[in-house]
Structure formats: structure tokens, C-alpha cells
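The structures considered in this document are given below.
Here chain A shows up in two complexes: once beside chain B, once beside chain C.
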Partner chain A sequence: MNIDKRLVRKDSLEKLFDILKQNSKAIYAPLSKNGKTTFGNAVAFETISDGYVQTTQSAKDIAFPRVDGMSVRGIDLNEIPEVVLWGVRPCDATGIGELSSIFNWDYKDEIYNNRLSKVTVFGFSCSKADDYCFCTSVGGNPGNTAGSDILFTQFGEGGDYLAEILTERGEKIVGLAPALFENSETDDKEKFLANVPVKFNHNEIREKLDKFFESKEWIEQSLRCLGCGACAYVCPTCACFDIQDEAHGKNGSRIRCWDSCGFSHFTLHTSGHNPRDVQSARWRQRIMHKFSYMPERLEVFGCTGCGRCSRACPVDMNILENLISIQEVTV
Partner chain B sequence: MDELIKRAKDLLESSVVKVVIGYEEGTGNKTRALFVENAEDAGKLIFDSRCVQNLAAYITKKEVKEKGKMAIAATLPVMRSIIQLASEYQVNDSNLIVLGITPESKFIEFANLVEVETFVHKYQIEIDARNKEMLVKLEKMTQAERWKFWVDELTPCFKCYACRAACPMCYCHRCTVDFNQPQWVPVASTELGNLEWHLMRAIHLTGRCIDCDACYNACPLSIPINLLTKKMLEDAKEHFGGYQPSLKGDHLMSTYKPDDKENFIQ
Partner chain C sequence: MMDNLYMPYLMKIERITHEAPGVKTFMLKFVNEADQEKFTYKAGQFGEYSVYGVGESTFCIASPPTRKGYIECTFRQTGKVTNALSGCEEGSMIGFRGPYGNVFPIDEWKGKSLLFIAGGIALPPMRCVIWNALDMRENFKDVTIIYGARTVKDLVYKEELKDWELRKDVKLITTVDPGGESPDWKGEIGFVPTIVEKIAPSSEDTIAIVCGPPVMIKYTFPVLDKLGFTDDNIYTTLENRMKCGFGKCGRCNVGKVYVCKDGPVFTLAQLKELPDEY
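After this line comes the complex of A and B, so read on.
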């Protein structure tokens, strides 16, 4: 299929923002607080951050919020607002596909799917990267179109944007503001993209992991891991949750809350036995799940190379460094 | 830190300790914890102003403890944590050697924890000017303003518990927030659930928190949760004469009975 490529002038973005608002769309965009940039409800165009390499948290909570109700009545589609996810990096847009594959592996998760059905993704290509980025090592790239409904690529700093209209949802947005999507004379975006060198071969890692379960490398890598959930909670593809029943007087509610395989009690059985009783077993699970189990069962890798887990880790557990050392260690 | 490296090497070569905990060069201009088990790796140890993680958090970690007797590169906050941990029977002279680093970045050797305590007591725990100013600002707010401040700050918390994990004093085998039958504190990271968690944490740490900022430094969202423990430190000073960790175990705000029939306290 030929992708419809348009020119969106720099000044048109604000107009587009206003038109989307007029059409009752909530806009979730990167906002800054306490020196961190993360997705939130943008009330005005000027509150949207730019210049960030990556947001602290991924955009996954738009379809998989950290706390979500699990009503037996199901979820009322009318209660979910139409949302435009604005400023999503290609690694996050890809992550939505990976997350969806988990939520539709066997059981089709109605709550997740309904929430996602209301989301239009505005991807923004990366013009810069940092040392934690490794999208190109896991099959992505800084201008990857996967997962976006429209992908914007800026023609250099301060320049206009190339808009690639990738889906029907994207076309609907163009339909709301056709004048802002002008004919583009050029569609060459490559030279404006960040340079992210390939650091490892993910297929080689996957093959190696088949024989790596008992390796001492896991212990060496994870001794400094403190067992918090920061890596899982900022990850665009971590999907684990814990179901809780909360009592409020005579009423109660069933909710699901994010959970993390890094926590010591994540696999604690009611008998008191814990099959993953040390941090190295939990760290191994994290890597195996993303680079071995997910490709085997879902035919996708559970990592988009966004590098968030490494940036968020309080003790410098750097996933890229650890993957490279797995590739280098002889089994 | 040649002296630190030399001492670490000696301790490992002579098998006095099984592991030396210190800092090494990390990624992205960060430093991180290093666990040296072989004397030839001692050269990887570094120390500079970037080394602020409170390494005392590893003393009570199961996998580290299991290695045997340890030595630890300890800055003043780490030494304070060690004294507090010792007063809570989590560590003693038979399982730990302290390789001190003074606030002037000088290596200092201690024969035992009593000497560490004497050194620690030379310095008062002082809240830094920037945070002190923030505490004054909070104090001047009306109750409603202060409530709004904390709701705004704490609502984004997604309960990754990095603050708990990074804190040397949060070593409970099973934290109250991890119980769900019965559930004492809401698991959900909602406005109420977050407030309950952070207030509980601050109160549990009063008279134990040595003001190292490990919780704040660990927070991936940079939520200023250390203001809560700093405020408790100030209040403890005002009402109870101040806090200084002590081997005597004259705990400022807590009490215990050795014959307590509950077995969750270890």
C-alpha cells in the first residue's frame, strides 16, 4: 500500500491540537514535572514538552492503566473518551502492538481492547537518541511506522513535519483538518532521524537463552538489583497485574493493579513456597520472558529498545549492557 | 582511593571477608554497587562525589548475606545506617568490617562498630538548606494548601517501591503493604493508597531514618518523598531532643520486647 505522505507546517500543529480538542478528543501528550517528562492530559498546546529523548513512563497506561476496574458488567465503551496519544516515540508505538499480543494471546482482554479502540496514536520520529536507546537491536528504528496511526517526522530542528498517514484512524484525523495536511514535495525523512547503532543480534540472544537458564551470569548481573518494580512499571510491554478486592463499607470492587516480576512475593505461593526465591531468578525471568518466551509464544519480542528500564533503575541495571554480556558469554 | 583498594585486597586475600561492597564505574556517567569476591578485582573499586547510593541497603539482602562476612565502603550516611542496623540486631562486628570514607573523602579504618559509632557521633544530622527552605514553605501553607501539595506530588506514584528497596532501614521480610489477607494498606496506587503508603513509610522511619535521601534518589519519578522523613526528623528534634543512631539501642520512637510472641519481626 502506498502511504499517504503529507506536509504539516510547524505552526499547524497547534491548530491541529485545537481542532482535535474542538472535536471532543482528549489529548495525552508528554508533560514535564519535577524534571521528568511523562504522558498526561494536555489542556493546552504550549504545555506539551519537546526536546526529550524519551518520556520517563511509557504510554501503555492509556489502555492498561496502573489501576483498572474489573466490573462484571464489562466496560461501557461510552465511558471511555476518544484519545489522541500525542508525541509517542516509535519504540512506544511498537510497544502497543507487543502489549496487545499479550492481552489477546488466548483470552481476549475486553477491558484493554476497548480502551485501545478509542486511541489514535500520533508517533513522532526520533531526531536524537541517548546511550540507553537500542531500538535498532530489536528490530525497530527511530522512524519506524509500526503502531502509529500518523507518524510525524520533523525536517530538522524548528522545521516543518512530514506526516505519514498510516491507518484509517489516521485518515479520520486528516478528515477533521484537511487544510493542515498539505501536499509534500519530499518524503525523505532518513537524514533527520537519530543514529542508533545496532548493539546486539536479538535472534542470537534468543537462541542462546534456550541453553542459558542455569547460567551463573544471572547471579552476577543481579546482585546489585534491589528488587523494586521501576523497570516493569516504566516498560511499554510489561503487562503483569495483580487482582485485588477492595472493600468499602458494604460495597466492594474488584480491581487490577500493575505488578512486577522483580518483587520478591510475585510468585509466592499460598503454601509459603516461592519458586523464585532469589533476585537472580526474578531477573532471569524478566530477560527470558522478553527475549525467549514471548518470541516463542507470541512471535514478538517483549522489548522495544526504548531503554527506559535502564534510565529508571536506581542501581544502574542496564539491560543493554546485560544483553550484550549474555551474547558474549560462552554457554 | 588506593587505600580502600589495598585494604579490600588484603581482606579478601587473607579470607577475613568473603565480599567487599563498594562502588564501581557504571553506565551513563553513573556509579553503582560492586561486590568484590576476588582480590584481583579490587582494582575496580572507585570513589568520587557521584557515589551516593546507600550501600547499607545490601547488608540485609539475602543473596549478599549468604556470601559470608562482608566489608563495606562506607560514607557517613552508610556508617549511620550501619549503626542503626546494628542497634536493630541486623549486623554486628562478627559479620561486617567498615571501610570508612570521611566527608573529606579520606579513608578511615575502624577496629569495630563502637569506633564507627564514635566517628558518626562527631557529626549531627543536618538537613540541607534547599530542603530546609522547602520544609519552611510547607509549614507556612494552610492545611488545605499542604494537602493539595501532597496529593499533587504523591498521586503520580505508581508504587514501584524503589524508595523502599533503596532504603537500608526497609528490610522487613514482608512489608505491611504486601499483605492482602487482610489488606492493611490499599494495594492500588490511587490518591488514597499512595498517601497511606507514604505516610506509613515516613512514620515507620521516624527515629530510624538517617536522612541519606536514598528514597528520593531512587524514585524514578523524582517525587520529593524525602521531605516527609525530613519533616519527621525536624519534629523529633523539636519534641524528643533529636536523633542520632546509637548502638545502645535507645530507640527514639520505637520499642520492642525480646519475648514478643509475634514472629514476623526478625
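After this line comes the complex of A and C, so read on.
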């Protein structure tokens, strides 16, 4: 397929922002506060951060909020605003697809789908990476178009942008501001992308895991794991959730909230029996789910190489190092 | 408004039966007739039962699909939701969503003998398929039920046990753990695996369905193996913790298998393929 490629001048981004606002779209973009960059409602263009390698949290809560009401009345589409998700890294944009495959295999999860149906994704290619990044080891790359409706790649620091219009939803945005999307004379974005060396082969890891369930490696790797669940909370593809009911007099609500397979009570039975009763079994579940069970059941990997889990881990467990050691260790 | 997978049906508790200490059966009717009309299920499936403001709990549907117009569930008062359920009275409203999960392939069993082996509070998931089979009794050869509990008091469905005992087309053996017998107890005394070994039911052309606490299941499988049952002809159910019931929330999986989608019914052959994480 020929991708429609346009030039967006550096100064046009702010105009685009204003036009989107005039068209009553909410814009969720990376905002910096207290040294952290997280997606939030951007009221003005100048509040949007740039220069970040990765936001602290992924963008997944746009369709899968940390706490979501599961009103028994159903979800009213009119209550969900049209949103432009601005400044999403390609690994996060890829993660939305992986999340969708979980929510849509077999039963279709309308709550998730309704929220996502209101989202247009503006991906921004990476010009910088850090030692935690490993998208190229799991099939991605710093300029990957997967999951974005429009992918912007900046021609060097302070330069103009290449805009790849990837979907119908992207075309609609161009339709709102056609003058800002000029014809592009160059479409070579490769030299402006971050260098992320390949560290392991995810297909080899997958094959290895078929015979790895009983390995002692799981114990070694998870000895220091606190079971805090931070890795799951920052992960763009972790979808495990809990359902809780709350009642306040006649007003009640059923909510779903993020959960983690790393928590000791996640699989605890009422009887006291716990199928995954030690942290190593829970760590194994995390890796197996993303690199073995998901590829087999859903034909996608549950990891985009964003590296957030390693950045967030309070005891410095590093998923990249652990995956490399799984690849290297003999069964 | 869109369909919401998580929206429960509103159910009215028609009748409450006290089965054993802490164990109750609810007969539930759909408040909305349209819900009743479109609702279908098969033996082996389960649902999420909820009390307003407290939460949801997972149990099987304990009544057979051959009885129309209502469903039943049997539960033991153990946690937050079952405590709240236990406090409900006849006429109260609760929520139910389902049915979820796979089924006992009862149509494939036609022409064979059936051997049901249950322990304690695990008779409810089996009661659905027992009644389903008895309601089409002419399709099966011998029907044998071996049911054990810790004490005589802990046996559930006492009225139905009497019923099955009187039927000429059902062979019922009840047992209680040593020390759990009452002075007038006429059944067997001993753990379920021991009694299965003692009764030694024939494995010829027979399907065995085994539900019970893990320790009972663990010691019953080798006895069945000795009696000549193949792994393909032994069925059981897994009861992992669940929230959604349809493969999203991520907690009931055993390896790549979702108990809520691929189960809860498994053959022993399928179980042996799974990692030991259930």
C-alpha cells in the first residue's frame, strides 16, 4: 500500500492543535510535572512536552482507564469525548493493538471498544532511546507505523515533520486542516530515528519457553521481586483487571480496575489454595503470558519493548536482561 | 446505549434450601421475562452471581437445562460475597450473568454407562449433569453415583439423595469420612477414593465424572486408572478464581488454557497436558 506522506512544518503543529480544539476534540498529550511526563488533557499547545524518551505511564488508559465504571445501564457513546492521543511513541501505539486483541478475542468488550472508537492516535517516532528500550527485539522499531493513525517523524532537532497518513481516521484529521499537510519532497525518515540495537530474538524466546516452565531460572530472576505490580501498571499491554462493587445508599457502581498477576492474592482461592503461590510462579506467568501464551492464543506478543517495567521496578529487575538470559541459558 | 457484557440479569430468589451447615441452594427466576426467554445453557456451565454493592462470585449452574424456567445455585458461606448472599431472603433480588464456559459433552456419552464421583460441596457442579442424564435416562446404560462428605451433616441435596436411593435405575453409594458418621448412618464409612476402590465399578463402556476437593481428585484418579478407565473417559472440572468469566481479566489461566473459556470441564487427558498450576 502506498502511504500518503506529507510535510508538516514545525510551526504548523500549533495551528493543527488549535484547529483540533476548535473541532471540539480533547487532546491527550505528554505533560511534564515534577520530573515525570504523563499523558493528560492538554489545554494549550505550549504545555505539551517534547524531548522525553518515554512517558512514565503508557497511553493505555485512554481506552482502558485505571478505574472504569461498568454502569449497568451500559456505556453511552455520547458521554465519551472524541480524543486525539498526541505524542504516542510507536511502542505504545503498537501496544494498543495488542491490548485490543485481548479485549476482542472471542467476546467483544464493548466498554473498551467504545472508548477506543473515539480515539485518533498521533504517533511520534523516536529520535532518542535509552538503555531500557528494546522495541527492535520484539518486532518493532523507533519509526514503526503500527497502531498510529498519523505518524509524525521530525527531520532532526528543531526540524519540520514527515506525516504518514495511515488510516481513514488519519485522513479525517487531514481533512480538517488540509493546508497544514503539504506535499512532501522527501520521505526518508530512517536517518532521523533512534538507534535501538537488537538484543534478542523474540521468536527464539517463544520456542525456548515451550520447554522452560520447570526452569530454575524463574526463581533466580524473581528472588528480589517484591510483588508490587508496578511493572503491570506501567505496561502498555497488561490488561488484567479486577471487578469491584461499591454501594452508597441507593447509588451503586461496579468498577473495573487494573490488577496484576504479580500480586499474591491475584489467583488466591476462597479456600486458601493458591495456584501460583510463590513469586517465581507469578513472575513466570508474566513472562509466559507475554512471550508464549499470547503469541499462541492471539498471534501477538504481549510486549512492545518500551522498557517501562524495568524503569519502574523498585528493585531494578530488568526485563531485557532477563529475556537475554532466558535466551542464553540451556534448558 | 450499547450492549454491556458485564451487565447482570436481575434475578429473584424464589426458594432457599438449607442443604448443610453454611450451604444453601437458591432457586432463581428471571425478573424480566424476555431475559428468561432468550437464556439457554448446557450442563457444566457457570455464571457470576452478585449482591448489590458487595460483588460477584463464581459458581456453576446447579440445575439441569432440562428443567426450564429457573436456575439454581448452591454455595457455601465462605467469603465476602457468599456471606452477603447467605443473608438474602426469599424474594430478594440478586444479579446473575452467564452462562460461561464449556460443557459436559453429554450427547457424546449416549449409549454408555455413567459413573459420577463427587466429594463435599462439589456435588453441585455435578448435580446439573446428573439430572440432565436422568431426565433422558433411556439414553444411558448404568448410572452410578458415589458421593462422600466429611460428616453426615455435610452431605448436600439430602432430599435428592433419598430420591436417587429409591430409584431402581440409579445406583447411589454415599459415604462419610471415618468419624463423620451418625448413630443411624447406613451408608459407607471411608474416604471417597477408598470407597471407589471397594465398590470397583466397571470401566467397560463407562464415562467417569469426578468432582471434589483437590486431594480427593488426586487419590481417585489412580484408582480409576487401576479399574481400567482411560484418561479420555475421565472428566473433571477446574475451579480457578475468576472475575470476568470470558477470557479477559487474566487470572484463571493454567498455562495457555483459560479455565473460563476452555473449561471448566476437562478430561484427565487434557489435564495432563497442563502445567501443574491449578
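Points to keep in mind about this one:
Basically, the second predicted complex is superposed on the first by the 331 of 331 C-alpha atoms of A that agree within 3 Å, B and C clash if a C-alpha of one lies under 4 Å from a C-alpha of the other, contacts with A are read in each partner's own complex, and residues count from 1 in each chain.
By definition in this document, a contact is a pair of C-beta atoms (placed from the backbone, for glycine too) under 8 Å apart; a residue touches a chain by one contact, two chains touch by 3 or more.
Because the structure is a prediction, the values reported are computed rather than measured.
Contact with chain C, but none with chain B, is seen for A:Arg254 once the two complexes are overlaid on the shared chain.
Of the two partner chains, chain C is the only one touched by A:Phe103; chain B is not. Applying the stated contact rule after C-alpha superposition, one finds that A:Leu77 touches chain C and leaves chain B untouched. Of the two partner chains placed by the overlay, neither chain B nor chain C lies in contact with A:Lys10.
In the superposition on chain A, A:Ala239 contacts chain C only, with no contact to chain B. Of the two partner chains, neither chain B nor chain C is touched by A:Lys172.
Contacts of A:His289 after superposition: chain C is touched, whereas chain B is not reached. Once chain A of one complex is fitted onto chain A of the other, the partner contacts of A:Ser280 are limited to chain B, with no touch recorded for chain C. Once both structures are placed on chain A, chain A residues 242, 244, 246 are touched by chain B and, in the other complex, by chain C. Across the complex, chain C meets chain A through its residues 1-8, 50-56, 78-79, 82, 214, 239-241, 243-244, 246-256, 261, 275, 277-278.
Across the interface of their complex, chain B is touched by residues 33-36, 38, 56-57, 66-67, 130-132, 219, 223-224, 226-230, 232-234, 242, 244, 246, 255, 257-258, 260, 263, 265, 278-280, 310-312, 314-316, 318, 321 of chain A.
Here chain B touches chain A in the complex through residues 26-28, 30-35, 53, 57-58, 61-64, 156, 158-162, 164-166, 174, 178, 180, 183, 186-190, 217-224, going by the rule given at the top. By the touch criterion stated above, chain A contacts chain C in their complex at residues 70-77, 102-103, 105-111, 114, 213, 239-247, 252, 254, 256, 259, 261, 266-271, 273, 275-276, 281, 285, 288-289, 292-293, 296-297.
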